[in-house]
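Look at the two complexes coming up: chain A is in both, with chain B in one and chain C in the other.
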Partner chain A sequence: MIATLLILLTSLLFPGIIVKVKAIVSGRKGPGLLQPIFDIVRLMKKGNVYSTTTSIIFQVGPVIYFVTILCGVFFIPFGNSQGIISFEGDLILFVYFLGLGKFFLILNALDAGSGFEGMGANREALYSMLAEPAFLILVATFSMMAGYDSFSGIFAHWHLTTGNSLVLSVLASYILIQLAMIENSRLPVDDPKTHLELTMIHEVILLDNSGFDLGLVQLGNAFKFGIYGALIANFVLPEHQSLPVRALVFVAVIIVFAVIVGLLESFRARFKIEKNPQFILTLSSIAALAFIVALIITNKLL
Partner chain B sequence: METLEKTKDYASIKNQGTISLQDVPVVSYSKFTAVAGELLGSETRHCVNYYAYPFQKGLKFIFCVADDVEHDIKLVSHELPADNKKQLLSLAREFFSMHVFERELHENFGIDFIYHPWQKPVRYAFNRFDRNQVINNYPFYKIDGNELHEVGVGPIHAGIIEPGHFRFLCNGETVLHLEIQLGWQHRGVEDLFLKKSSLIQRTVLSESIAGDTALGHSLAYVSMMESLGGIQVSERLELERTIGLELERIAMHVGDLGNMNIGLAYQLAASVFGTLRTPVINYTQTWCGNRFGKGLNRVGGSHYPFTEDLSDKLITLLDKFDASFDPMAERMFSLPSVLMRVENIGKVTEKQMRLIGAVGMTARMAGIERDIRESHPFAAYKTYRITSETFLNGDVWARAMLRKIEIKHSVGFIRDLLAKLKDMKEPVSKPTAEMELRLAPNALSVSLVEGWRGEICHCAVTDAAGKIVHYKVKDPSVHNWFALALSLRDLEISDFPINNKSYNLSYCGHDL
Partner chain C sequence: MKLVNIFEAITVLTVLVFFVPLRWKQTLCLALSLAISAITGYWAFQNLVNHSTVVEKLSLPFWFHSSLLEIDPLSSFFLLVISFGTLTSILYSSGYLKPYERSKTRQEFALHYFWLIWLQIAMTLVVILHEGLPFLVAWEIMSISSFMLVIFEAEKKEILHTGIYYLIQMHVALFFVLAAFTLVEAKTGISGFDGLAIYFKEYASIPMFLLFFAGFGIKAGFIPLHSWLPHAHPAAPSHVSGLMSGTMIKMGIYGILRVVSYLQFDLLEIGTIILLVSLISSVFGVFFAIFQHDLKKMLAFHSIENIGIIGIGIGTGLIGKAINNPTICLLGFTGAILHVVNHSLFKSLLFYCAGSVYSQCHSRDINELGGLIKKMPSTAVFFLFASVAICGLPPLNGFISEFLIYKGFFSGLGSDIYVSLLFLGGITGLTLTGGLAVFCFTKAFGVVFLGAARTSKVDHAQEVSPSMLLPKFLIGILIATIGLLSFLFLPTIAGIAAIYLPSGMELPQNPFGSVLTNLSISLGLFVVVLTVVFILRAWQQKRQIIAQGPTWGCGYSAGDFRHQYTSTTFADNLNRMTSAFSGVETHYVPIPKEDVFPKAKRHYETHQYDQLEKLLILKPSKFLLNIMEKFVVLRSGKIQHYILYGLGFILLAAFLTIVNVI
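So, the complex of A and B:
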């Protein structure tokens, strides 16, 4: 419950922090922290425009996308206290919820029938498919280390005290940051600022969405970032502190995460699209490496 | 060349020179193809203009070839009487670089060039021959195949660029062929040069041919008017004009580098280069009241003399410019994530560029030494030499690097000119009044200027009363758009934007 509230609140600041950091780094003032949220509110006040070539899929796609992400938020625990939804094996359902949302967003793009959106959908599907193993291998590693297969089980029994778990935490944070960048279409895989349809991945599949629908998708994206931030925060949450302290640490980690994303985006160019699959597969192999390390630590291998 | 005879087979003038029309030999078409073949046979010569204008109810064709070795422009003409069949043997069949000139002639006058590879419309000019040909019924190039798909971009774009249509034929993410169709920016510039008869109207018109090359095009225009009017301008004025032209080059090149970095999503360089362009164009505003230098170039003189104070300000500006430009350029060209996106991307070969008749930067980035400032010097380049750089790579890297190097050369060159200006105390004269300007009668003048994109060519013909009866403008983009199409072959479609930005060609310069 606490985690859900904190994620929803910090998520509202997330896009604003990234924009602000990028602006300051490049010597500009940048818009206010809440500007992206104002934009979403403005979009939500507007009506939708539907092309005559689209079907019902195009109209429900954004809603399903938003709802699945919201459901994903409900799974995230706060240290050892459970999320709103929690059961044995909830990890798998969590991954599939996010997958379902993306699936409908891709259908939504194909339904619009534009040449650009087909290309974007194609890219988005490929990268999601490649990114999924990295996440699944990672959570498998943790559930094996902790001996539990629910989010709350894993985090309740995850302690930063031993050197082994510290190494894994660092690896996990790295993979999670990179995955968050991919899943939220940030650099180096995608460029959220580009106005060039031909190079877009995520932006291009929303070209035909407007008004309320577009607002929903953007809000969903913000929450999605929050989910990844919260997962990282859970790894470093001190267990024996009072609730306010832990909540502060939780929020601080998510904000630091946003600042890191902003900095990462400021000092590099994006990849050539051809190189993206290679990069995403590398993440999967790093996750596999973590898995093998975990096997060795738990004496299941060697 | 040995077989050709000067004055009998061709006439010769210096750049921005004027010749009496009678002195330009008029030959039969078969003789013309032989002469043109001989002239275009050497790599040191390229055609700068080939056009026709109505003459005694028929057509008179003017063919201008720039010779880089003899530093002159060779002229030859042929005529097509009104009652003749409008059919000519194509030159483009043998010399592909002629393709665009013949396409234009085909579009404007309905001349059928036999064996021309593809008489594709150039710009759908208002005064085209066949009014039934419109962009809406243009048959785009097609390739059949179940796995292929077409992506059409434009003419309305997401950004702030001008209108143009790009049709990609793709296999998955790979582009097999890109077809570029332009013409939406057509304003009838060449016709307006005849309709607007006052000197000031024409000067302003020349500044508006391409908004980003206001100084380049207006310099070509005023130099030609001075040549036709027999006006000698002072060395000081030429120096000042050259400073203006080089400032335009610096501003556009640094802006382009910024734009390319936006395409690469490299934010740091995008903001640094973006903010570096502003002080340069603001300086032009301090000088003449307009950021793009409109108002600076006027026939015979200048309204905005380059004062001591302006000179000091420019030196301060260049010092500041160097201090931020150098480290940023250094960083950009050593950053792996940038290099990965520019090296070996959108490669074209020297041979391809020679075939399409590429000019300016587009030629120099692929190994062709083609720079009007060196081969056909005008303005201050007649006295002071500027170093022209050539790269062999032909990729996005070469196009970015060439910009960087040219900026450095231009900054150095302006510093040299400023030092020379110090010794010239005599101020420049006011522009020539319209009533004092008498153009040579029955004359032809050709004016070449190396703008920041490349070679700009203006040609004018006067009648017996010294009135301009035909005006021809050729922007470097007319040739260079094809280079972009060639760059895209077998490249990922997502690399189109960075290639497009690396060329940054003109839509309005092409469409006129």
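So, the complex of A and C:
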């Protein structure tokens, strides 16, 4: 419960922090931290314009996308206190919820009947298909180390005390940051700032969405970033501190994560579109490497 | 009079289909099927709920020397799947076959319905006969009846050709099963499955298992034995494709499950074999599906994928049994058995939807369709529903079975290195399958039902008749119920899977703990949150101006329907990555450099060729054909020559007897 509230609240700052960091690095002042949220609120107060080509799918797609991410937030625990949804095997449901959201977002794009949106849908489908194994291999690694297959089980039995788990934490954080960049359509795979439809992925999917629906999708994206930040935060959460201290660490890690994303975006160029699959597949192999490391740590290999 | 006699009486009554007027044929067929379903349903109920093994004796003298019918939990489960599959298929058939009433005769319709009901009878017998010969006879009737159903439009040459291709493959499968049964009987003296218990105790398990696996695997459609599916399913009428893909290929799975239940040794090796073959089937099944333009051919490849997922469950369960871990064993087998019913539901639903699209647009080519959701809203919603289910996405039934298999994998990660690595491979394969399925079904649904129409074939499409929507509705309800309320069904299915538990272990009182209730609560929460957001949205929209306009063309005002993504372009980026083994060939003459303003209309075509079929079926048969053609000179057509051959043969036989060779 605490985790869910913390993630939802911190997520609201997330897009603002990224924009601010990027602005400062490039020597500008940048908008206020809450500006992206004001934008979303403004969108949600507006009416909609629907393309005559679209059908009911175009109206339900964004809602389902948003709700799947919101439900995804419910899964994330806070140290050893559980999220709203917690049971053995919940991480499988989590992954598949996010998959359901993508499914409807892709259909939403195809419903407009435009070549550009089809292109975005197609790329999104390919990249998320390639990125999913990396996340599950990573999760499997932790599940093997902790002996549990639920988020709360894994994080409650994850201690930074030994050097071995530190190695794994570093590998995991690297993979999680990269996955967050891919899943949230950020550099180096996708560039949210681009103005050319041909090079877009996520933005081009939403070309025809407007008003409340567009606001929902953007809010969902902010929450999605929060989920990844919270996952990383759970790895470094100190065990024996009082609740306020741990909550502070939790929020601080998510904010640091947002700053890192901003910095990465400032100094990174995007890949050529053809290079993307290669990059995403590499993540899966790094995840598999983490699994091998885990095998060595648990004395099964060597 | 016992139930079994009524059952036999119904099998005889099937000939009535030939004598009633055309408009009564479907009703009679439905009534007979309902009667059979009622009887088998009663048997299954007796077995599953009252836990009594039903044993009946067939009495008709001409009927396989009075064989025994044995209904155990595995049979009961398959009986229910068969009954439901056939009933929806017959329900759907009346509307689907209506346009054929002008071109087809009464006898052709009678023949079709006769074999349709016999397909159900044959499948029913397959799962309740345990003796070797009767089982094989029922198996053969099943192949022949499905062959007759496939060639409904036999006047089209390619359909007849496909039918014969299918029939030959089914007989190759029969040969493997026959050989296996013969070997078992020769060694143990007991015919049929019961002999396996002794055989597997005393002789090597792996070769015998492989023999059965080859036979049943052809029926089920495991890669590389799959090549008949992508040909037969598109050729058959849609209600037959639905029945064959949803139910009949599961008879192969039944055979494998039955054989596996007798295994005692070499479990780890056999489990590994099944798991690896299934992983390949699931990943490559869906991978090849992505490159298909024919809607029904695409669905056929998805059957291969789902058979793979079922196999993954069986393999996982068997490995769990091998390492004496009842949790993994139960999760694997329960997942596999649940996926049998799940696939039978959403796959038949998809085929019925594809059939409805075909009956309205007269095209199965995905690239010729588009925007159908506005003309056929109910069909579109059902197709979407089934798509979400087949991709294994929550909250529908496909997710539940995949969830169980995943949980089996996760439970096994803590054991030794061999199993850990194997299960990591399993997790990766299953995830990749899921991702590819999402890729494929967003493409299929998006191109067929969304956007704007691509050709004029869509112009006259209308929603299909209520009689064609009713079976879809029934299936849809079951899909949602299994998905949202899995805890109601799974204890029963776990009871069936309990026969695979390591010896000496009982089914725990509550095999899945609180996982399933928690799962249902989470899915319920999702539905509730979704409803709340929808209400919020409706409330917000009520006070706003909702405008309509053209699709944003990025500043280009001359865009039209031809600029949309098609099935081919959607698959293009994946094809570029994997062109080494996707088997996609492009037929296109590139524009020469000097031809700056090409005038002539150009064609661009892509086709996916099944490399494995080429390697395993086409090349060997071509090789054989080449050899056989050498003997054509002997076929002179002159009677004297043939007498000479006969004489030569007799002389040869006499000579061989003299030298004691024969």
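Odds and ends about this structure:
Quick note on the criterion: the second predicted complex is superposed on the first by the 301 of 302 C-alpha atoms of A that agree within 3 Å, B and C clash if a C-alpha of one lies under 4 Å from a C-alpha of the other, contacts with A are read in each partner's own complex, and residues count from 1 in each chain.
One rule holds for everything that comes next: a contact is a pair of C-beta atoms (placed from the backbone, for glycine too) under 8 Å apart; a residue touches a chain by one contact, two chains touch by 3 or more.
In this text, all values refer to a predicted model and were calculated from it rather than measured experimentally.
With both structures placed on the common chain, the touch criterion links A:Lys22 to chain B but leaves chain C unconnected.
Looking at the shared chain after the overlay, A:Thr199 reaches chain B, while chain C stays out of its contact range.
For chain A, the partner that touches more of its residues is C, with chain B and chain C as the two candidates. Applying the stated contact rule after C-alpha superposition, one finds that A:Gly211 touches chain C and leaves chain B untouched.
Once the two complexes are laid over each other on the shared chain, residue contacts for A:Met119 go to chain B and to chain C alike.
Within the superposed three-chain model, A:Lys275 lies in touch with chain B and out of touch with chain C [touch as defined at top]. Using the contact criterion defined above for the overlaid structures, shared-chain residue A:Glu265 touches chain B, although it does not reach chain C. Across the two superposed structures, the residue set of chain A contacted by chain B and also by chain C is 115-116, 118-119, 197, 274.
Of all the residues in chain B, the ones that touch chain A in their complex are 149-153, 158-159, 173, 261-268, 270-271, 275, 335, 337-338, 340-341, 345, 492-497. The residues of chain A lying in touch with chain C in their complex are 44, 46-57, 60, 63-64, 66-68, 70-71, 74, 84-90, 92-93, 95-97, 99-100, 102-103, 106-107, 110-119, 121-123, 125-126, 128-130, 132-133, 136-137, 140, 143-144, 147, 149, 197, 207-208, 211-213, 216, 274, 277, 284, 288, 291, 295, 300-301.
Taken together, the chain A residues at the contact with chain B in this complex read 22, 25-28, 115-116, 118-119, 187-188, 191, 193-199, 265-275.
Residue ranges of chain C in contact with chain A, taken from their complex: 370-371, 373-374, 377, 384, 388, 391-394, 399, 402-403, 406-407, 409-411, 413-414, 416-417, 420-421, 424, 427-428, 431-432, 434-436, 438-439, 441-443, 445-447, 450-452, 513-515, 518-519, 521-522, 525-526, 529-530, 533-534, 537, 540-541, 544-554, 559, 561, 563-565, 569-570, 572-574, 576-577.
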